[in-house]
Amino acid sequence: MNDQMKIKPTAPCATCPVHNAANLKRLGVDMENWDFVVALAGNPNVGKSTVFNALTGLHQHTGNWPGKTVTRAEGGFEYGDYRYKVVDLPGTYSLLATSLDEEVARDFILFGQPDVTIVVVDASRLERNLNLALQVLGITNRMVVCLNLVDEAKRHGIEVDQRRLARDLGVPVVPTVARYDKGIDDLLEAISEVATGKVLGKQYRIKNMPPRLKNAVEQLAGMITTLYPGLPNARWVALRLLDGDERISEAIRNGELGDLTKGMEEFSEPNLEARMEVHA
Amino acid sequence: MSDQHDITPEQLLKEAQDLRWEVGGDFHEKLMETIYTDAAKIAERAITRPGEKSNFDLDRAIDSVVTSRVWGFPIMVLLFTFIFWLTISGANYPSKLISDVLLGTVRPFLKTLAANLNIPWWIDGLVIDGMYLSTAWVISVMLPPMAIFFPLFTLLEDFGYLPRLAFNFDNIFKRAGAHGKQALSMMMGFGCNAAGIIATRIIDSPRERLIAMITNNFALCNGRWPTQILIATLFIGALVPAHIAGLISALAVVGIAVLGVLLTFVVSWALSRTVLKGEVSTFSLELPPYRPPRILQTLYTSIIDRTIYVLWRAIVFAMPAGAVIWLSANIKITGISIAEYLVNFLNPVGILIGLNGVILVAYIVAIPANEIVIPTVLMLTVLITGAKGFGSGSGVIFEIQSNTEMLSLFNAGGWTLLTAVNLMLFSLIHNPCSTTIYTMYKESGSLKWTIVGALLPLGMGIVVTFFVAQIWRLVANIV
Amino acid sequence: MNPDPLTALIIGILFLALLSFLFLPDKGLYFKWKQARILSERALSEDALKHIFLCEQENRKPSLDSLAGVLKISRDQAANLLNHLETLGLLDVSGSGFQLTSDGHDYALRIIRAHRLWERYLADETGYHAAEWHDRAELHEHLLTTEAVNSLSSQLGNPRYDPHGDPIPTATGGMIRPEGIPLTSLPVDKVAKIVHLEDEPEMVYAQLLAEGLQLGMEVRLIEFSPQRVRFWAGGDEHILAPIVAANITVLPLKEEEIVPSEIGEPLSSLNLGESGEVLEISPSIRGAERRRLMDLGILPGTIIDVEMRSPSGDPTAYRIRGAVIALRIEQAHNIRVKKVRQEERQPAMVSKN
């Protein structure tokens, strides 16, 4: 018994899961028997639940109707040597916490620190969907874009150059038609590469910001980094504070935000710098 | 010491506050603008449009028909008439089949088994006549219509038609202070109110969602259709010559359903202007592209979904109700059963509102499942009147196949045309079943609104039946 | 066994009437009773402090009459109230006049803070109509403890102004001096920005709301006479009586601050098949609804195409950044757009790849 316990490594390593079990538990996700946690985000009505079903083999009802999943659905799959727990978040247009759904999704991605966040985007309505993807990218760079409904986009005369998209976003982009299970293998591969740390995205910084705002954000982000070294999304937190987001102020006051950096320091520092390789 | 200790969280928040006041109130707007600008740039670079843009036309063509001024409403009416017709007529055969198996074959088998094993009569009665019977009853009444109605609905949903329905109806609902999507939760309510309440999730505005939840009960659910049809056939149909009796009784049932829709609007209107006026209200309705539904997969998933749901409800809610019904008819205090005490106690109130004690007791014990109201009413009537030749013992719910026999039993119980009319009204306007109340609580997360949702229709039902009864009697006296 | 139906009917009607008399929301006895309980002596004292404070702010002299008038009580009651406040050490009564002590000053600020924060809350987080904010806050200000006020403030992101443009005192009692001049003192043809709309008296405020005036709107005075004030604001010409117009506070803009902004037209005025570029969402769309519209991508510069109209006439579906979204006419009316001709918009659709 004692021997076994000694063998188990205690410090996080580059290939080990980074999820913090305590926070996840608070969010209602039990990570026992699972190696990685994968969050599924996306606009309403982009086939997010279909992707969820394709990944997990579950038959959650999916409807052509925005806002079907309000509570979180959970499932899981095995790929390679690891077991992944998938959490389907409510479909939202944004993560700026204007509604309960958005708060649920935002809290999970921020405080749950999923090992991978999949953002499902509708290829035929890319611009609108990228709005959400960019917001998620402000919180985490451990992200995969699932470019869904490429068949529908093609029908509408739209083709998306996913290499170009991956280069601009700095994270893997996988085209899929989840309704017919097309591209799901590639998606699984991309998930496992990000989960195991083989591929890491780069942090996205919002460009085109008016100087007045930019200065304020820089100044605040600087303070946040000093206060919480290792926090991967200082700029995003700064943006939320400037927007008067009480939930984030609360997280600073009660130390929740500080907790997020635990276990991150060893893990993320070197990798954050590493540029991901874009695979097509 | 290092820099880390130079800043405290309080300082950070203070600084954030100062900067926030400096950057001004339009920060959110500016931020959204920048993100969208970035998104547009990235999208622009990644998208190519080799084809002509004419491909959008299929969606537009469908929309120009289903939302057209001329065809929009007729298409909806036809579609839903078809769905309701298919549900009601299509459910008959499987309902009979299930009931033949569960009640006609399994129950006698269980009874024989119990007799052979020498199980005490009260265990046999409680378990088989009480719990098993009501569970089986609910399954045979509810499963077939649910398994027909909801998959059809789901197909429409997958195709993308339902948001168009909300689009067409929104103006009407807006006038009642509600959301167009309430048309959908209301339609679902015609299948099952609990499902209708879950469907209100699609309404993303808090005020309108509460309105839709509280008023969903006014959509006449599958569990109440059989009551309406039976009473209308027995009492209303009998008023007119035989060859139009079917038509008139059908019209009476439709009239009740339409009254429910009207009440939905009236109550929505009243709620949005009084107790709910402080709740946040926003409106937006996305009309997603049409997608060919995967018919077989959807039917399969949806039928499994519904079956599991009905079984769960039957076991969790109907089974205890069955036990209570049996016990109330069989536990006797000084030779009179609890049910009889209750009936006698409530009879004056029942008579006052044009019903009777039996109906009120049936509605109390049938809170978990409205589908067993009529069998319970029959059983209680036999118990009270002492009529011979019906059912198979006290506390055993049953149904009578022959209409004339049923009518004679009701007549023995003192029923009049007023009783029938008020029963139809009360069946529409009373507290929702316990599954619905439970769902309302889970979905709204608020005890207060759940209580409103449960008691408001009950209060309204009592008021309506009371006034109908008094005016009816007044007119009858004069005539 | 049956009671006489006529008697039962009459009793029933009487019973219903009694119920509605007791419990009708906002008008029933129960509600009135609750209201009266709030408006206890403490509430009266607090309102009195507030009145005196606001008089001092505006360099008016509060009097027994003004106090009795504002609180709707008799002169005797007002005099008693003043005595009461003096014994509490909140008021200095010297000779003919009276003024707040430093404690009274702090107390009054706290109540004003509660009042204005609550108005902000009603405006941003609830669905109440603008005309109701003041009265509701007038009741609720007495119910909030200091802690509740502080947590409300941080929950709202520590706002600086209430929805009428009045500054909200901070927890430490600091308050920005309101700037600006009444619209009636603005020179003709000078451009200014609305910074405050006085919410009392109710009748006048209702008139300002009905004119569609909003904080932040640019105004230009066209004509000023003792009979009427004529001015441009929000793309429309407005005519008000001077006494009403005096309740609008404006801040004259310097030359360089005047952005040559386009007024455009409301989105609701576009026909099917037409397109518009968003200029702004009117300030009258607030809180959750405003953020929702922005989340949907309705931002300055966004191109919106009018796609189809519901067979019942409303709502109308618009193509916004690739998705078809239906908006009601009230919303579309408050989104200002610049019409875009189809020829101009085509090139943007073609990729520059």
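In order of appearance the chains are A, B and C, and numbering begins at 1 in each one.
As a convention for this text, a residue touches a chain if its C-beta (ideal position, glycine included) is under 8 Å from a C-beta of that chain, and two chains touch if they have at least 3 such contacts.
Just so it is clear, the model here is predicted, and its values are computed rather than measured.
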item	value
Chain pair, A-B or A-C, that carries the greater number of C-beta contacts	A-B
Chain centroid nearest the full-protein CA centroid	B
Gap in Å, rounded to a whole number, between the CA centres of chain C and chain A	40
Residues of chain B whose C-beta touches two or more other chains	20, 28, 32, 36-37, 40, 44-45, 47-49, 53, 204, 286, 288-289
Residues of chain A touching at least two other chains	94, 96, 99, 124, 126-128, 131, 243-244, 249
Multi-partner residues of chain C (each touching 2 or more other chains)	157-158, 288, 291-292, 295-297, 321, 323
Chain B - residues contacting chain A, complex	3-4, 6-9, 11-13, 15-16, 19-20, 22-23, 27-28, 30-32, 34-40, 42-56, 154, 157-160, 162-163, 201-202, 204, 286, 288-291, 293-294, 301-302, 304-305
Of all residues in chain A, those that touch chain B in their complex	44-45, 59, 61-68, 70, 94, 96, 99, 101, 124, 126-128, 130-131, 133-135, 152, 154-162, 164-165, 168-169, 179, 206-210, 212-213, 216, 219-220, 223-224, 226-227, 229, 238-239, 241-244, 249, 252-253, 255, 258
List of chain C residues in touch with chain A within their complex	154-158, 288, 291-292, 295-297, 320-323
Of all residues in chain C, those that touch chain B in their complex	1-3, 5-6, 8-9, 12, 16, 25-26, 122, 125-128, 157-158, 160, 287-289, 291-297, 299-302, 307-315, 317, 321, 323-328, 331, 349-353
Chain B residues touching chain C - in the complex, by the definition given at the top	17, 20-21, 28-29, 32-33, 36-37, 40, 44-45, 47-49, 53, 60, 63-64, 67-69, 72-73, 167-172, 174, 180, 204, 207, 274-275, 277-289, 348, 351-352, 463, 466-467, 469-474, 477
